[in-house]
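Each of the next two complexes has subunit A plus one other chain: subunit B in the first, subunit C in the second.
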Partner chain A sequence: MRLELGKINIVDVQFGDTTKIESGTLYVNKQKIIDIVMEDEHIKSVEVELAKPGEETRITPVKDVIEPRVKVEGQGEIFPGVMSKVTTVGTGRTHVLKGAAVITCGKIVGFQEGIIDMSGPGSEFTPFSKLNNVCLVIKPVDGLKQHEYEAAVRMAGLKVATFIGKVGKDVQPDEVEVYETKPLLESINEYPNLPKVGYVYMLQTQGLLHDTYVYGVDSKKIVPTILYPTEVMDGAILSGNCVSACDKNTTYHHQNNPIIHDLYERHGKDINFVGIIITNENVYLADKERSSNWTAKLCKYLGLDGAIVSQEGFGNPDTDLIMNCKKIENEGIKTVIVTDEYAGRDGASQSLADADAKADAVVTGGNANEVIILPPMKKIIGMLDYTDKIAGGFDGSLRADGSIEAEIQVITGATNELGFNKLSTIGF
Partner chain B sequence: MVKEIERTGIPVVHMCTVVPISLTVGANRIVPTIAIPHPLGNPALEKEDEKKLRRKLVEKALKALQTEVDGQRVFED
Partner chain C sequence: MKNILITNNPKVFEENKDKMEIIYSNEYSYLDILYMTRDKIHNGYRLLTHPLSGSIKPNETPYKSTIVIKEEQNLDLNSLDVIEKSIETASKFLKTKKTPKWTNKILEDFQVIDFSLIESAIESIYQFKKC
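Take a look at the complex of A and B:
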């Protein structure tokens, strides 16, 4: 599968009469966005606001972040099985509005959404402070159940991102990158002397609003399977998660998974990146056993020499991570695991809920329990009434002057386990 | 908590869903349960059947509590 990714650099976002891109500025028609969101009878109201890098703006409670993309050539559309038919994607050409994002906000669970600061110390902890964001603050109709609210906000975000993405269809991209993964046997024949490396991509699927979708399928119902990496760039995987903000993968993280990009960077040079195995993190032990058995089986079947395993979330998924690591290692395949830590505010506690001697190559996205003080901001997009209860917050987190003292857990993407951030640790 | 209570000389049964974590943290008597969001029940069952399931789990735990163990043991069916 071969995909050309054309990046249209977006340096500013403004409201305008029509939605279009002109010399790097994205113009959005506010009323059109409102109309798209309000098509859903579950939604009572939506506020559309813009947030740009450097502004004294705080966005919260953040549910998802989505990058606008559009298919230009090749079959299917972005977000197959959800926004379009379930056609297999990942070939041809896709345009990306690089530097722009759609952010959805709402008090869905209340304590499991995040904070994005566009300036100040908090902005250093989230990659989304560097983007030109179109924010949707969505309120549900009275009496709507939590899971219906989640679905409504998820779909609203995807619809708006798809609408905005489409204006990039006929725009000449600033840069085009090509990604290609060949069928396994061809790939092995092409680079017979390079070690074969695969990527085991763990998806949060604990249910109770902790869900991820693959081609429209709720992925707690899948068994591990194989994807071409370019399918992910076309939105094959998307987030339906309301879970701790720091280490959940937003849809934006999936679309831009840095592990995939870094493996492609080295493909054909010192490794042969042969593909992705997606797997889940379910709440029944039998599911955990079955899925980790299957990832190990598929790694062996693909003839891998090494595998990168990334986790999403924390707590019991630590066990899925360790089971994957241990079972893949037992097949004689080297692993590196990518995770984050809950090591206490002083960093002295055990970082993961589970461990094994075979997990001897670990990349961390940082300690989610580190405390940060976020100064007051001039503008709030969304609302602050859940700040004391947010995961990583505590009674008194929100101070009288509008500043917030909380663990970095509250910041969207702060300890992302795909390495989509700056925090890590080096062992000496 | 399991380890601290045992340190005082009182035997403990750890009823939990994720047995590997229980083994990692060092529980000695482990009874596997249903699922992480509902360890001691199953909302998919009828009320009567669920009651039987719950009773079975508690009885299994009481039996484990009275069983001498030499190191870690998982009480499967």
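Take a look at the complex of A and C:
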């Protein structure tokens, strides 16, 4: 599967009469966005706001971040099985509005989380402070249940991102990157002397606000399976995960998975990156056993020499991570695991809820318990009154002057377990 | 084989009380549920669900639900390992900061999420047999 990714650099976003890209500026028609969101009878109102890098703006509570993309050549559309038919994607050409994003906000549940500061100390912890964001603050009709509200917000974000992405179809990209993964036997024949490396991609799959979708399928219902990496770039995986802001994968993270990107960088040089195994993180322990058995089986079947295993979320996924690691290692395949830590505010406590001697190569996205003070911002997009009830916030964390004292787990993407952040730890 | 649902979540209790054996009180704390689960494991039960289900932190949600099953064999060491590590992790969070006193509306939201998490397991457990 070969995909050309054409990147159209977006350096500014503004409201305009029509939605278009001109000289690197994305213009969006506000009323059109409102009309798209209001098609859903579950939504009472939507505010559309823009947030740009460097502004004194705080966006909260963030539910998802989505990068606008559009298929230009090749079969299918972005977000297959959800926004279009379930056609297999990942081939041809896709255009990306690089530097732009759609952010959804909504108080789906009373305790909230997910802060993106566009400037100040908090902005250093989230990659989304560097983007030109179209924010949707979505309110539900009275009495709407949490499940339906979550689904309405998720779909609104995807619809708006798809609409905006389409304006990039006929724009000449600033840069084109090419990614290719060949069928396994061809790939092995092409680089017979390079170690074969796969990526075991764990997805959060436990229930309300803890779900991920693959080609429109609720992935708690899948058994581990194989994807071409370029399928992910076309939106095959999308987020319904709204809990644990620091280490959940937004749809933007999936679209831009840096592990996939970096494995491609090394492909054909010192490794042979042969593909992805997606797997889940269920509540039922027998599901964990089955899925980790299957990831190990598929790693062996693919003839891997090494595997990168990434986790999503807090707590019980540590068990899935260690089960995957142990079982893959027991097949004689080297693993590197990617996680984050809850090591206490001083960083001295046990970081994970599970561990094993075989997990001897670990990349961390940082310690989510670190405390930060976020100064007040001039503009709030969303609802700040809920910030006091954010994961990692604590009583009185929202101060009278509008500043917030909290753990960095409140910040969207702060300790991302795909490595889409700046924090880590190096052992000496 | 006999399953027992251990919970402090009134919504989980209401929805399952006619379907399976339940140990329930809304007075139990998050840690109480984990300790009772551990005691069952000491008495020959095996864990069916992960005690740290969900990404909501143990010092954030007050609600927890687990399911164990009575086995013929004696102590299940895997279950014991998982519950001990879970107790250690939950205690670490609660030591740093206690669970806030939430409003009723927020408590209901936590109940709905804990219910959704345990239902996803109940659905898997009972897909080939009735509760």
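Rule of thumb we're sticking to: the second predicted complex is superposed on the first by the 425 of 428 C-alpha atoms of A that agree within 3 Å, B and C clash if a C-alpha of one lies under 4 Å from a C-alpha of the other, contacts with A are read in each partner's own complex, and residues count from 1 in each chain.
Quick note on the criterion: a contact is a pair of C-beta atoms (placed from the backbone, for glycine too) under 8 Å apart; a residue touches a chain by one contact, two chains touch by 3 or more.
Quantities reported herein were computed from a predicted structural model and do not represent experimental measurements.
Asker: Clash or fit: what happens to subunit B and subunit C when subunit A is overlaid?
Answerer: With subunit A as the common anchor, subunit B and subunit C collide in the superposed model.
Asker: Which partner does A:Val283 reach: the first (subunit B), the second (subunit C), both, or neither?
Answerer: both
Asker: Which chain, subunit B or subunit C, ends up touching more residues of subunit A in the combined arrangement?
Answerer: The partner making contact with more of subunit A's residues is C.
Asker: A:His42 contacts which: subunit B (first), subunit C (second), both, neither?
Answerer: Neither partner.
Asker: Looking at A:Gly110 after the superposition, I want to know if it touches subunit B, subunit C, both of them or none. Which is it: first, second, both, neither?
Answerer: second
Asker: Can A:Ala353 be said to touch subunit B (first), subunit C (second), both, or neither?
Answerer: After superposing on A, A:Ala353 lies in contact with both subunit B and subunit C.
Asker: Figure out whether A:Met323 sits in contact with subunit B (first) or subunit C (second), or with both, or with neither.
Answerer: After superposing on A, A:Met323 lies in contact with subunit B but is clear of subunit C.
Asker: Thinking of the overlay built on chain A, is A:Lys297 touched by subunit B (first), by subunit C (second), by both, or by neither?
Answerer: neither
Asker: Which holds for A:Val243: it touches subunit B only (first), subunit C only (second), both, or neither?
Answerer: So A:Val243 only meets subunit C here.
Asker: Determine where on subunit A the residues touched by subunit B overlap those touched by subunit C, and list them.
Answerer: Of subunit A, residues 206-208, 283-285, 288, 316, 318-319, 353-354 contact subunit B in one complex and subunit C in the other.
Asker: Taking the complex as given, what residues does subunit A use to touch subunit C?
Answerer: Per the touch definition, subunit A meets subunit C at residues 109-111, 146-147, 204, 206-210, 220, 241, 243-244, 247-248, 282-288, 313-319, 342, 344-345, 349-350, 353-354, 369, 389, 391-392, 394-395, 409.
Asker: Would you pull the subunit A residues touching subunit B in the complex into a rising list?
Answerer: Of all residues in subunit A, those touching subunit B are 206-208, 283-285, 288, 316, 318-319, 322-323, 353-356.
Asker: What residues on subunit C touch subunit A, complex-wise?
Answerer: 47-58, 60, 82, 85-86, 88-89, 92-93, 96-97, 100, 102-103, 105-106, 109-110, 112-113, 116-121, 124-125
Asker: Considering the complex alone, what residue numbers of subunit B touch subunit A?
Answerer: Listed in rising order, the residues of subunit B that touch subunit A are 17-21, 24, 32, 34-37.
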